Amino acid sequence: MANADCIVIQGSNMAECHPVGYQWVTEAKARGAKVIHVDPRFTRTSAVADKHVPIRAGSDIVLLGALINHVLAHNLWFEEYVVAYTNAATLVNDDYRDAEDLDGLFSGFDPESGQYDMSTWAYAEGDGGRVSGPEGDPEHGAESVPEAAGQQLGSGGPPMEHARMQRDETLQDPRTVFQILKRHYARYTPEMVQEVCGIAPEDFAYLARSITENSGRERTTCFAYAVGWTQHSLGAQFIRTASILQLLLGNMGRPGGGIMALRGHASIQGSTDIPTLFNLLPGYLPMPVAGTHDTFEDYLDAIASKKQKGYWAEADAYTVSLLKAWWGDAATADNDWAYDYLPRLTGAHGTFQTLTSMLDDEVEGYFLLGQNPAVGSSNGRMQRMAMSHLKWLVVRDLNLIESATWWKDSPEIASGELRTEDIETEVFFLPAATHVEKAGTFTQTQRLLQWRHQAVAPPGECQSELQFFHELGKRIRQRLAGSTDERDRPLLDLTWDYPTDAHGEPDAEVVLAEINGRHLQGPDAGRPLSSFTEMRADGSTSGGCWIYTGVYADGVNRAAARKPGQEQGPAALEWGWAWPANRRILYNRASADPQGRPWSERKKHVWWDEEQRTWVGDDVPDFPLHLAPGTRPDPDAGGAAALAGDDPFIMQADGKGWLYAPKGMVDGPLPSHYEPQESPVANALYTQQRNPSRVLMARQDNLTAPSAGDPGAGVYPYVFTTYRLTEHHTAGGMSRWLPYLAELQPEMFCEVSPELAEECGLEPYGWATVVSPRAAIEVRVLVTDRMTPLVVRGRTVHQIGLPYHWGVGDDAVVSGDAANDLLGLTLEPNVQIQDSKVGSCHIRPGRRPRGPALLDLVAEYQARAGVTVETGNTRLDGPGGAPGPDPDTDPTTHPTREN
Amino acid sequence: MGQLAGPTDPAADAHWEHQHPRKGFFTDTSICIGCKACEVACKEWNQNPQDGDLQLLESSYDNTGALGASTWRHVAFVEQDGERIEEARESGRALVSLGMPRVGPPEARAAAEPGDSTPPDTPEFRWLMSSDVCKHCTHAGCLDVCPTGALFRTEHGTVVVQDDICNGCGTCVAGCPFGVIERRTDGTAAPRTEREGRPGSEPAVPNVGVAQKCTLCYDRMVDDQTPACAQTCPTTSIKYGDHDDMVDQARQRVAEMHAQGRTEARLYGANELDGVGGTGSVFLLLDEPEVYGLPPDPRVPTADLPRMYRRAGLAAAGMLAAAAVAFVGGRS
Amino acid sequence: MTSERTRGTTARTTTADRVVQSVCPYCAVGCGQRVYVKDEKVVQIEGDPDSPISRGRLCPKGSASEQLVNAPGRQTEVLYRAPRATEWQRLDLDTAVDMVTDRFLESRRNGWQDTDDQGRLLRRTMGIASLGGATLDNEENYLIKKLFTAAGAIQIENQARI
Amino acid sequence: MSLSEFDSYRPPEPPRRRRRDGARRRGTGPGGGGDGAREMPMVPEPEFTSYYGRPVVKPAPWGHEVAAYLFLGGVAGGSALLALGGQLTGRDALRRNARLGSVTALALGGAALVKDLGRPERFLHMLRTFKPTSPMSMGTWILSAFGAGMGITVAAEADRMTGSRLPLGPLRPVLRAVEGPAGVEAAVFAGPLAAYTAVLLADTATPTWNEAREDLAFVFVSSASLASAGLAMITTPVDETGPARRLAVLGVVGDLVATRVMEHRMDPVAAEPLHEGKPGAMLAWSERLAVAGGLGTLLGGRHRAVAAVSGAALLAASALTRFGVLEAGLRSAEDPRYTIEPQKNRLAARRAAGITDDSITTAG
């Protein structure tokens, strides 16, 4: 980011949430870069940015779409880059219908399941048909899986043959992606931005000018985002829109460009690479789904076709290596490498689905490993009530967090909904080791693995997770030793013998070596693999996570490489190890033009060296080293060999950057704006008010506030958004127990504009109660000009800021009500993440009632708003659905009825 | 005794023979992101107890309040509207037109002429953040009045309290024109750990009753390490180094900002001729000093001490005379 | 003027027994940290100047890491709450792990599903769920995923999704 | 005003100073607390900004003990002069009572000082250095020298009062010989003892004390005189207290004049605390008592009863002066306005006078 010429921070509060990372933005600013912060609130990031653009929470796609429209309309896109590196020129089949034609929906929408049949979006084929997967036509796969299909596909995207795609380099054919894009965003005008986002035209012009002036050969613009974008019912599409914009401007894969994902936790990137997630196996291989991946062959065909370009074609080698790593000799060719040992999914089993099954008493045991759902997960009340249904709960943490003590001090105990004596749950609190009491690697937000050495032994009875789970596994296998029951085979055949030191702590380097993978047969049996290209599908190699292969190459723990930063170049390749293969900027082939020459001297990064006939540069080239720029592969080759010289996006099935996503996104090939689940205004672009394929949780304890125009919308008139403070860490488990941090931000507060304080009679630094359809909490009131009311669709929308670090419990140094109690659960269809950045609420002066009176207050508001389980949970808002403007009315004229 | 006011080299005055460069801070508040890492790092390094009553202090994001016996770094937060920004720019321009003798290097001064420098997109709102610290003055009010010699001038020209000597007389607390040093009472808020079933107990409050203030990490400086706050500051808003370099950097930075039209920038403590002979910690502020809680024209009290002694001598003589008159007057 | 103790002033980073390079446990920037240990106790954690990412700098949370390790409020003993009990009770570690193992197997059996209604292989248990992992090491996540998947527990989640 | 009926749950809010948000606000006096529900009386906004009304300088951590020491120090000093006078003019009763009075005041004052220290067990550290820039260091040495002299004279007095029965043996003649010079030596330090406390207060950044640096010494010296004279009038029969009475009158006159001059010369804003609130009341009463004591001495000084009463009045006046000045100083440090405005005036005055190079805020 340090060498960016313009940095747009949107959906993130970088200076507060990633302060040390912010030094590079300061560096860029010192070199003359322009820093723009787009955020509903004026935060500490805005304080040191050049410009702060207040935006209404949840309307990011309109802004980004308008920028795309601006770039296309004024011909500011980077022509050479777009034509060569993106699928702009590819033709889409004729059956495709855009959201513009179907008033907010795309073709192939199935109203009951809320799913799209993606076949209508495919590229056009030579003979007019559709390029689709080799066998197993998608219909068969689609309808048998009721819920989100998102988890079927690993991150590599869908299988697809590349050879028979049609392209029109002149970009004039109306079926080209480019023209579709133009038509799709035609109505995203600066006026629309003012009406929907509340952003003044001059601010929009400033933003557009700054971005376009700083893109192209000589200059690059960089976007930075965090959960401000991801935690929406439309989150994945926000990021898609930004990537389309960056592709059009030619900023992808170049130094100072691209999109920086600012991840939240120390190793959250690690926990998705080696996923403690329901839908993924290590290395983003999908978990097998009953019905789609019944046999090993089905599984391999579903994730990658031998015909497609890019490294995903070798997915079979990765899977076999993983199974060999887990089940060693028990995984043989004839039992499909123990493929049947893997449990199958039957739909989405995300944390929120698990929550509902807990409430229905289907889950008996629950492990909490350094997470505090009673405060940190949305709809806190539902989380705590669900835990009261458990038989037993194991909490492993440093402090007695609220998720361990809810049975005696949670808000539900205070309000009488739960009685300690009636709660059956057995709770085990096992103290955990801190980061200096155990060795291991963290993967940070730039995919860099860094090794941590153990400084001291854990005190008292504290244990690291490594030791605890190794011990748990050993005891389970001891108890099942004699069992002949087929279901216990996977546990007994597991490779589970790790050397342990005097304290019983397994040696983390051995685990890392297993993750890296090793040769099993042949001359160098036992030697670690040095790159994932060495993995074979014949069972001769093993590897716990193919994208991490190379971290332990030649037996050297590269994650522990510690060559001081000052002694190496800015890319600092010898500090830690970045997956894949220590590349620091992905797709950096795009930092050179189709002929392999750097776009400009200033932005040189990776380029083609004619003499050595190899790619060279400041970073490990993210491209086959000796693939000359001009090469054209023969059509039926597959995998890496199929990559052309100018296909920088080596992971995509067609080697190109996807402006248009024929497959992979479940809620539309092109991002289009829908209002959040709870919104004070109607969708100005389409009749469809909300994301039609969002995952609904229509339950009595998860009611939704009525939105624009519905009766009762006035009961919850204000928009609230949640955010983080520098001084605290997520649910406070690691900050509210520390006196030095607790005294910096001692009390839960809300941030309101003076106008809102006037309107509701809120007293500066006094108390206020915030009520939402789920709960009511009390907060101190910070009246500040940093919150600006916005005029959206003709009416003033007030926004309230709520930090979410506090929780009700008596063990922390400071405690307070949890903002997460206010949040509802409506999930984003692709990744099942909840919509916690925007919601509707009401705020009134004075503290909240204690005891049962609190429930009456919440119920009274629900009654007044006439909220039922159906409110906001209707899939289709067609002409028959919620009243919205007719598609053909000019969006700039205000709709007749007041909303 | 060295001189009592005006520019001088404090370490030399304190009879340090071997020449050590004078160390100091330069705090550039224009790039401070108000993260308070300096507050935490300082407390953690010096093991200062948690002070404060764990309540919102009704001052934007600042819940620390002010510098004190257990808080040697304090980040101030001031929210200001457009009108206030304009006033600050105006007062900044006034400073320039006062014809400061040394207004930065010549070429920067030329560029600082108003008119050609259109301020960038004047924000209609701004949020000032600044990390306050002990000034380590050239003429330190606290050091001068300390009767026990607990406060001493280090070889690097900084001012440090020896907590094994100070008997807590408190004169220095009143002597400091910036209100930095304070006597540590044990009145910290009752630590939460007196609860049943709590393992461990809050460590006893060290150095109760003794005057405490920032030592510019004297223990780290002796082993030529960077002070905790300067090392941890994410955007190097807190810079540490030789005092003269710090002052030069400060001057370049303020000239550069004036050239960009941001004339609200001004330096605080960089002028050797001011009331305390210039300070060891130099600040770049974006508004009048009092907006940050800093005195507009601080003056070390010792500067007027000779005159005070003369007045007191006169008074004592007067008293003697009065007594004499009383006895000589009437023999009755 | 200066006392003996003052003349002997030295930084505890120089008198530490050893220095260990580590990484901050808080956010995903991954700032380098140096951990100073003396007499088997962490005495100081500060930024690691060698790190090209953070260049020796830390945020307030990172700077408070030493207190995270040595905080008086930290829990270092196993606690157990019996059903319907109103207070914690102490429990030694070994018994606790045994009890958890028994419950793990029992709940695994209760929630076991061999095949779905259309006879397709499931081989999983819905009786056990787990939440958490973003603050753990990759090696720990690896063992957790490996053990739970082998046991058939698929309801594993972490902060990446909330 | 928050109307919610649930406010009854509100925990008893600590009496906190009611401050409106934002930088521009007026300096409210301290006691504006209450539970924040009452709206503060709107007072026109003087042109002055501060950091949320927080103090700029810190008040000295001195309580009543220090004020008591100031008073007792003055009495000790004055009494030593009277004792010397009595010694030279043969007034034995005056000499003896003055000496005893002085040493008791000294002992009490010293004890008060040590008690006020943060670490009383280290009070001897005061003698580690001889530092002219530190008024307290000077004061310690003055106190020690004065104490030594006074100690010897009192030893002699005690020996005389106990009819030479003390087991002094060979020391007695030495004591007799050195008693005279010791009395003189003590008297020499009496003046500085009474005056140095003024420098101790003035040589600080506390606005009111610092502004009073020109004339505070005269106020304290006069107050010391009238107090010691008052003490003498109480303890010594009327026939020997002629000089004491005259000293008392001189002291009262000096006190009144010096206070007037001091307040006139100070910056009006910095002088405000002297007239407001508790300190204002104390100083006003001190003046009335001083005048009453003075008149009582002048008119009825001859009658023992009237002399004693006016002596007591004078003692009270002096005590009130000391407590009042100390309290006013502490109050002036707690409110930022008393620090900022006088300094801004001073800066503006210097700039008007053309001195533009000595400001701490510079643009270069």
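Read from first to last, the chains carry the letters A, B, C and D; within each, the first residue is number 1.
Throughout what follows, contacts are C-beta pairs under 8 Å (C-beta built on N, C-alpha and C of every residue); 3 or more make two chains touch, one makes a residue touch a chain.
For each chain, UniProt lists the protein as follows: B = 4Fe-4S ferredoxin; D = Nitrite reductase.
As the structure is a computational prediction, the values presented were derived from the model and not from experiment.
Counted as hops between touching chains, the shortest connection from chain C to chain D is 2. When the interfaces B-D and B-C are ranked by how many C-beta pairs touch across them, B-D comes first.
If you average the Cα atoms of chain B and of chain D, the two centres end up 29 Å apart.
The geometric centre of chain B is 41 Å away from that of chain C, both derived from CA atoms. Centres computed as Cα averages put chain A at a distance of 46 Å from chain B. Centre-to-centre separation of chain A and chain C, using mean CA positions: 23 Å.
Shared interface positions of chain A, i.e. residues touching 2 or more other chains, are given as 19-20, 23, 726-727, 739-741, 744, 764-765, 784, 811-813. Among the residues of chain B, those in touch with two or more other chains are 35-37, 39-40, 44, 55, 58, 60, 79, 149, 165, 191-192, 202, 234, 236.
In chain D, the residues touching two or more other chains are 21, 129. Residues 1-3, 5-6, 9-14, 44, 46-47, 49, 56-64, 66-67, 72-77, 88 of chain C touch chain B in their complex.
Across the complex, chain B meets chain C through its residues 35-37, 39-41, 44-45, 149, 152, 160, 162, 164-165, 191-193, 197-203, 217-220, 222-223, 225-226, 228, 231-234, 236. Residues 14, 16, 19, 21-24, 48-52, 54-62, 77-78, 81-82, 84-85, 88-89, 116-120, 122-123, 125-126, 128-129, 131-137, 139-140, 187, 190-192, 194-196, 198-200, 202-206, 209-210, 213-215, 217-218, 220-222, 224-225, 229, 242-244, 246-247, 250-251, 254, 329, 333, 336, 339-340, 343-344, 346-347, 351, 356-364 of chain D touch chain B in their complex. Residue ranges on chain B touching chain D, taken from their complex, read 1, 4, 53, 55, 57-60, 62, 65-66, 76, 78-80, 84, 92, 95-96, 98-104, 109, 112, 141, 144-150, 165-171, 173-185, 208-211, 251, 254-255, 258, 263, 265-271, 273-276, 279, 285, 288-298, 301-302, 304-305, 307-309, 311-320, 322-327, 329-330, 332. For chain A in complex with chain B, the residues that touch the partner chain are 15-16, 19-20, 22-23, 26, 42, 44-48, 50-52, 206, 725-727, 739-747, 749, 764-765, 780, 782, 784-786, 810-814.
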